[in-house]
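Here's a structure for you.
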Amino acid sequence: MTAVETTDELLSIPEDWDPREVEQFLYREARLADENDYDGWEALWTDDALYWVPAGGADIDPINQVSVIYDNRNRIATRMKQVRTGKRYAQAPPSNLRRIIGNVELLGGRTNPSGGTDLEVGANFLAFESRQRGNELWGGRTTYRIRRVDGEIKLAYKKVVLVDNDKAIPTLAFLV
Amino acid sequence: MTAVETTDELLSIPEDWDPREVEQFLYREARLADENDYDGWEALWTDDALYWVPAGGADIDPINQVSVIYDNRNRIATRMKQVRTGKRYAQAPPSNLRRIIGNVELLGGRTNPSGGTDLEVGANFLAFESRQRGNELWGGRTTYRIRRVDGEIKLAYKKVVLVDNDKAIPTLAFLV
Amino acid sequence: MTAVETTDELLSIPEDWDPREVEQFLYREARLADENDYDGWEALWTDDALYWVPAGGADIDPINQVSVIYDNRNRIATRMKQVRTGKRYAQAPPSNLRRIIGNVELLGGRTNPSGGTDLEVGANFLAFESRQRGNELWGGRTTYRIRRVDGEIKLAYKKVVLVDNDKAIPTLAFLV
Amino acid sequence: MTAVLPSAGIDLDALIHRDKVHGSLYTDRSIFARELAKIWYTTWVFVGHESEVPEPNDYVRKRLGLQDVVMTRDKDGEVHLLLNRCAHRGNQVCDDVKGNSSSFRCPYHGWTYRNTGELLGYPYNQGYGGKNKLELGMGTVPRVASYAGFVFGSFADQGPSLVEHLGAAAGEIDRLVGLSPEGKVELSAGWLQHKTRANWKLLAENETDGYHPQFVHGSIFGVTGSPIGALYSDSSTAVTRNLGGGHSENDLRPEFRKFAEPMRWFGTTPERVPDYVAAMNEAHGADAERLMIEGAPHVMIFPNLFIAEIQVFNIQPVAVGECLQYSTAVQLAGAAELNKRMISQSIGSVGPAGMLLADDTEMYERNQRGVETLTPEWLDVRRGLHREQTDEAGFTIGTATDETGMRGFWSHYKSLMEA
Amino acid sequence: MTAVLPSAGIDLDALIHRDKVHGSLYTDRSIFARELAKIWYTTWVFVGHESEVPEPNDYVRKRLGLQDVVMTRDKDGEVHLLLNRCAHRGNQVCDDVKGNSSSFRCPYHGWTYRNTGELLGYPYNQGYGGKNKLELGMGTVPRVASYAGFVFGSFADQGPSLVEHLGAAAGEIDRLVGLSPEGKVELSAGWLQHKTRANWKLLAENETDGYHPQFVHGSIFGVTGSPIGALYSDSSTAVTRNLGGGHSENDLRPEFRKFAEPMRWFGTTPERVPDYVAAMNEAHGADAERLMIEGAPHVMIFPNLFIAEIQVFNIQPVAVGECLQYSTAVQLAGAAELNKRMISQSIGSVGPAGMLLADDTEMYERNQRGVETLTPEWLDVRRGLHREQTDEAGFTIGTATDETGMRGFWSHYKSLMEA
Amino acid sequence: MTAVLPSAGIDLDALIHRDKVHGSLYTDRSIFARELAKIWYTTWVFVGHESEVPEPNDYVRKRLGLQDVVMTRDKDGEVHLLLNRCAHRGNQVCDDVKGNSSSFRCPYHGWTYRNTGELLGYPYNQGYGGKNKLELGMGTVPRVASYAGFVFGSFADQGPSLVEHLGAAAGEIDRLVGLSPEGKVELSAGWLQHKTRANWKLLAENETDGYHPQFVHGSIFGVTGSPIGALYSDSSTAVTRNLGGGHSENDLRPEFRKFAEPMRWFGTTPERVPDYVAAMNEAHGADAERLMIEGAPHVMIFPNLFIAEIQVFNIQPVAVGECLQYSTAVQLAGAAELNKRMISQSIGSVGPAGMLLADDTEMYERNQRGVETLTPEWLDVRRGLHREQTDEAGFTIGTATDETGMRGFWSHYKSLMEA
């Protein structure tokens, strides 16, 4: 992934993407996450999925440095299985939360493993989480890569850079 | 209302609604509320208005359970009359606040009392309120039902589910 | 400026502005500010730029009352020069932050010094800032005036009214 | 684990006078710590209502002082108050706000407890020499008692009984119950939770302060043409009564008796609620009319139960400058015509957005800021002192707007704090 | 309701030396509590300026220590400082930040007060035996005095007069006033409010610290080619003066006298402000040129008034680790050519986004984090101690970069804290 | 500037028993203040690893107790721990999280320090009588020592050496190092930072609590079919060992020896990591197989270093009810086949989103809420007390699920707190 991060250059925005359609997809992804709809959320991902929440900066090397989350499709599945047990105590009871996805920009194209071109989208977010521990505000920058698979929009890549990822953060067990 | 909440099924999205027009209406409603424009805000409502802020969950029975707000058109009018006196101390002086309405999605249609179909819209919000008491961040999920009346968009239903409505919350006297 | 604020009436929305194009410009301006891209951000401004953050209310007289920021193009340049030295300690190290620009509304037209008509746009914002001092949430109302110069959109005016600008606020050294 | 009791440093005689009380009573942390020990963790404190756990094995999370308490009904129907803490290593045992279960399981090491608090089992019991080797149950509130379904808890093993604690205030609860044709009150409508940045005593004092409504609530009285304002005016014949034991009431009956109109207290007429009237006559016979004329009580029961006609409040402290208000609507068994309206009216009046309580709460928070001011150092409670009388039952009474209730509050408060 | 005065446990001799002070002075809550009692609620503290309440019955909300104070001008023109707390039950009386009113009304029970603090009336007065039965006014700051319109308050009934308190610092205010052809300064441009997470003393010490500007403000001096940096260099002939009473100044006149250029202090020339120069000559005759050459003072008046040439700062404490900076632009009566520019320059320099003060404030907050560190335990104030001199007026002086001002601050601080 | 040491008011004999400890140990501020003085600022505390500053003049910001510390490697390769505070007026000297520099410059007045803490220079030195007149360096942690690259600091000038402090726990670090064919461990993968609203001791006790995994981590063990759960069951032959000095371990070797499968401890086989196996055989000869069978240690080194097989944790306190967990992946020199997977596995397991640690942390925070409850007042640590044994080396041992480690923690804790 780092390779992709650092060397691949951003291609021009691929055709056939309606900005509103993209926004609606991001809003749906956010709603599924807010509502802890694990099945619906997991179904959004492609097989070559990458879900990344770096720590200590935006552009660390995820292979040689620790991240908060660095899940491939397999680990996403494991994460979902764990929380579905109802005994993933960091989310049992689950967080109440709502997030706002804002400043959505279509950034360009990225060549994907299957040789196609994914659409790269940037957005900012603020998520307001409520647990017995207290209320917590989360915020940062999200980079998405999306792709059409059999006519459906799928999520191939989601990188969430928390504004304060250089500091200690509380447990982050909801779907960010 | 619970009936509506629980049994009525959501119809397909009615024709003739431009998503941007809907967003602009929600932004205007938010601006009137942010700026304590009581006349302008009250004028948005239909006669069968329902303004609901549930407590202790999203889908309580508002007839047999207490809510934070459960106003029909009459009570909305009373609430506005009270605050206009300038002696509604919980809002005198009024809050300074601004909110962001995000992730707007057209969800479907709802049959309304007059047999027509209202457009149901979902959105998230974050509201930043400043009072002498301190600054307060509010967040949650809003479900709107809107309708065209004599060519104007009107608000028939607004349900605001606060993220932390299962906890004690401070005085909520601004128009949420 | 106060004159403009108070007496000039708002003209109808000038032609040839696509709301999405306007939003994208605001998002870009926000991103350049979030990422401390001083060159990119400074380049957005027109020569008759005005960057205003009032204190103690929204509509004070900036000539006879103190504001948090009241920069003409020259002072914007000075501000950028200072921060580029790397020794503007209030921003060295720089803040980590991301903001959301929401509820974007095209409000109308404003006659500009060169006789043309600028587009006036209103929006709300929430900015989440992280520094060693701690995390800070900023929010308020922004009024923009934009103009096409040689085919490029430029920023002629930006007024940021913080929700709590009637209270003491911490150091505000990032580009708000 | 409350702070060590500050026995020294607090001279209550210097702070509490007959006609004024000192501002530090609302701002001093050591006084708050002492209140926890001497009041909240000693006397009878209102926790909830039996109707919140109607079925065997029902439970609901509650608060008592700073304590996270689970109110349970065991399989035999008895109500218990469990402290929500595992006896092993202190983990929180119960997550859910409410539910139905005969036992609770701690997630940390799987210990299980019966809903009476008794330890049921612990995994890998050989680590303790086998089954039933441990005498470690969940903590419980040692004394639990209820009156007309209102559940109170006391952390004192002994002391006055609940009935002794309630004293004359019990009669006010009886009045409320009397308005149910079935003689039964239910608090089944859930609770609004209102975070209040003020010391709890500012609320307790305000509840029977008949001096403030015309001013604080004038905005809503005016636009609704409510007759309530008049009940708290100079010309009102209503009475403020010190019921003893820190309890007090605004007795509005003199006003309602003047009009002698059944159901006026609820803003309606017998014609509009015929079934209810019939059921009341059925239940109370000759006495029904009086009950329907006199209406519901307005009573503050020390330290934290406030019955405001059709609403019930549960006040709990958080810190010296913060407390919580829980409020709900009264539901009267056998009064279907009244109950939904009581909920609707309560929603309009109380809670964080209530058209009455949001303004009271604004006053509490303004007061809290005020009492942190250097001078004047005192809060005045002399109003009506010179015209206080003793009623036929021997209670001290004042007029509708007098601070008789506050004086009663403070004399009892002082006796507990000095105990 | 401040915490009980910690008389024991603080040995100031051990904490305050001639050449260093202990870090706990900036972090210890009991020391902060003592400062409130012995400094903020005893000595003369700057509150505001008469020009903020120009008309009879004008008022403006202010802060004095932790107190919410209303500065009023009564109908006869006298200025009062009222504590914003109702004498009845402690509610906050005044909401608005500023306004014009001869009286205030408390919302809780409608008591009214004249803008002198005197109780005007209370509703339903029979509850107190009729009208005028109560001696309950709003609290007031017992001593209020002003100098050249700068309003100070002291909570001590007696003690040094304001003029005695100001001592030699009064002359610096006179210098500022002397720059107005009409001999009148106004603070009518509003105040920026800057929340600062640092102990207030770090600010007071920094204000006449001539050692930091070249380093902290190098970024802005460099890009603007400002000559100010040179005033605070090794080669500068400017003087740091301990004015006594905790007051100190950076006296830049030696530098300006060298150049002997009128208005250089303000970065302009007589040609550019002809009307002002004419008015000054008119007003001051032969002395005008000297005044225009020497410019405005840079003086820190203990404990909280800082006049930085064209800006005025009001520092108020919030907690041991937090304080507030209020800043505004000086307005000189009869100096239209200067006033708008003073506002514009102030906006650029001070407040939360100021190109100077935001960086000073960053230093304060970095310092606060630093002083919480275990070692070294001391803050050094020895700079220039070996080269201190006594000027013709008998004041101790150091060079432009010496810590002479801080040493003056600490000796006065110690005397007040030990009193 | 820590609070004055509360010598009185804490009776540790009353709070710490052999079979239970009192809840106030986790909630009382004065106990926390004493812990800072007697433990965090006295004994050896883990700070970081030499591999974080591999090159001369590398530095990295660290935390020791509440202190902001800069770990530097000087030009000669020696490691230092500097307190990040300027000796002049207390400003924060170093901003960056890490970097390479032979010196640091304070922004306030430009003083410069060598990366050993020594004062290099100060501008305008005549203010101090010239160059080299000041003996003011940055504060340093008086004793710094490392073991296998693990850097510890002690604020006590004298006392036990690091090796004495580590005692038998050193052998566990040796085991970890033994898994590197080059005998070298590196902590070069950065640190996750996890804010935890719980007292630090709840973490220290949990680290070798073999009783909780089956319950707290059942969700992940179940879905991944992990064999780890079985290691912490009743039937496990693993041992909980009190290593003395407050250190303890879960010794899983008995289980791995049963299977006698090299690399099973890491969930792989020799075939899959041939280069590593070859290198180990090369390095350790006959002993290699044993090492690869027995795997990595699971040891809690008092007070704040936890080595969990392939992860390392650094625990630091923030307040009585809050602490920080820093966690990273072990990197073994010469084990390329293992290192990336160790990072990947660690990311999955630890940190704020870790599928193991997020659940442990939920327990810590639930516990913290629980220990604030009135009753029961005690946390139980008796588990396995009746079946404790002494192993051949003389250490007290219990079964896999016994609280032997906690008892060791508390006896050492008590000895330090009473010192």
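The first chain written gets the first letter, and so on, giving A, B, C, D, E and F; residue counts start at 1 in each chain.
Keep in mind that, in the parts below, a residue touches a chain if its C-beta (ideal position, glycine included) is under 8 Å from a C-beta of that chain, and two chains touch if they have at least 3 such contacts.
Note that this is a predicted model, so its numbers are computed, not measured.
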| item | value |
| --- | --- |
| Chains touching both chain A and chain C | B, F |
| Chains contacting each of chain A and chain B, listed by label | C, D |
| Of A-F and C-F, pair with higher C-beta contact tally | A-F |
| Distance from the mean Cα position of chain D to that of chain C, given in whole angstrom | 51 |
| Whole-Å gap between the CA centroids of chain E and chain F | 49 |
| Chain centre separation in whole Å, for chain C relative to chain B (CA means) | 30 |
| Multi-chain contact sites of chain C, meaning residues that touch two or more partners | 87, 89, 100, 102, 126, 137, 166-167 |
| Multi-partner residues of chain E (at least 2 other chains) | 107, 216, 363, 369 |
| Inter-chain touch pairs (all) | A-B, A-C, A-D, A-F, B-C, B-D, B-E, C-E, C-F, D-E, D-F, E-F |
| Contact set on chain A toward chain B in their complex | 20, 24, 27-28, 30-31, 34, 96-102, 126, 128-130, 135, 137 |
| Of all residues in chain E, those that touch chain D in their complex | 1-2, 4, 41, 66-68, 83-92, 107-110, 123-124, 126-129, 136, 138-140, 155 |
| Residue numbers on chain B that touch chain E, as the complex places them | 87, 89, 92-93 |
| Residues of chain E that touch chain C when the two form their complex | 97, 188-197, 216, 218-220, 222-224, 324, 327-329, 340, 343-344, 346-348, 351-353, 355, 358-359, 361-363, 365, 369 |
| Touching residues on chain F, where the partner in the complex is chain D | 9, 23-24, 26-28, 205, 211-212, 214-216, 233-234, 363, 366-367, 369-377, 379-380, 382-384, 386-387, 399, 401-402 |
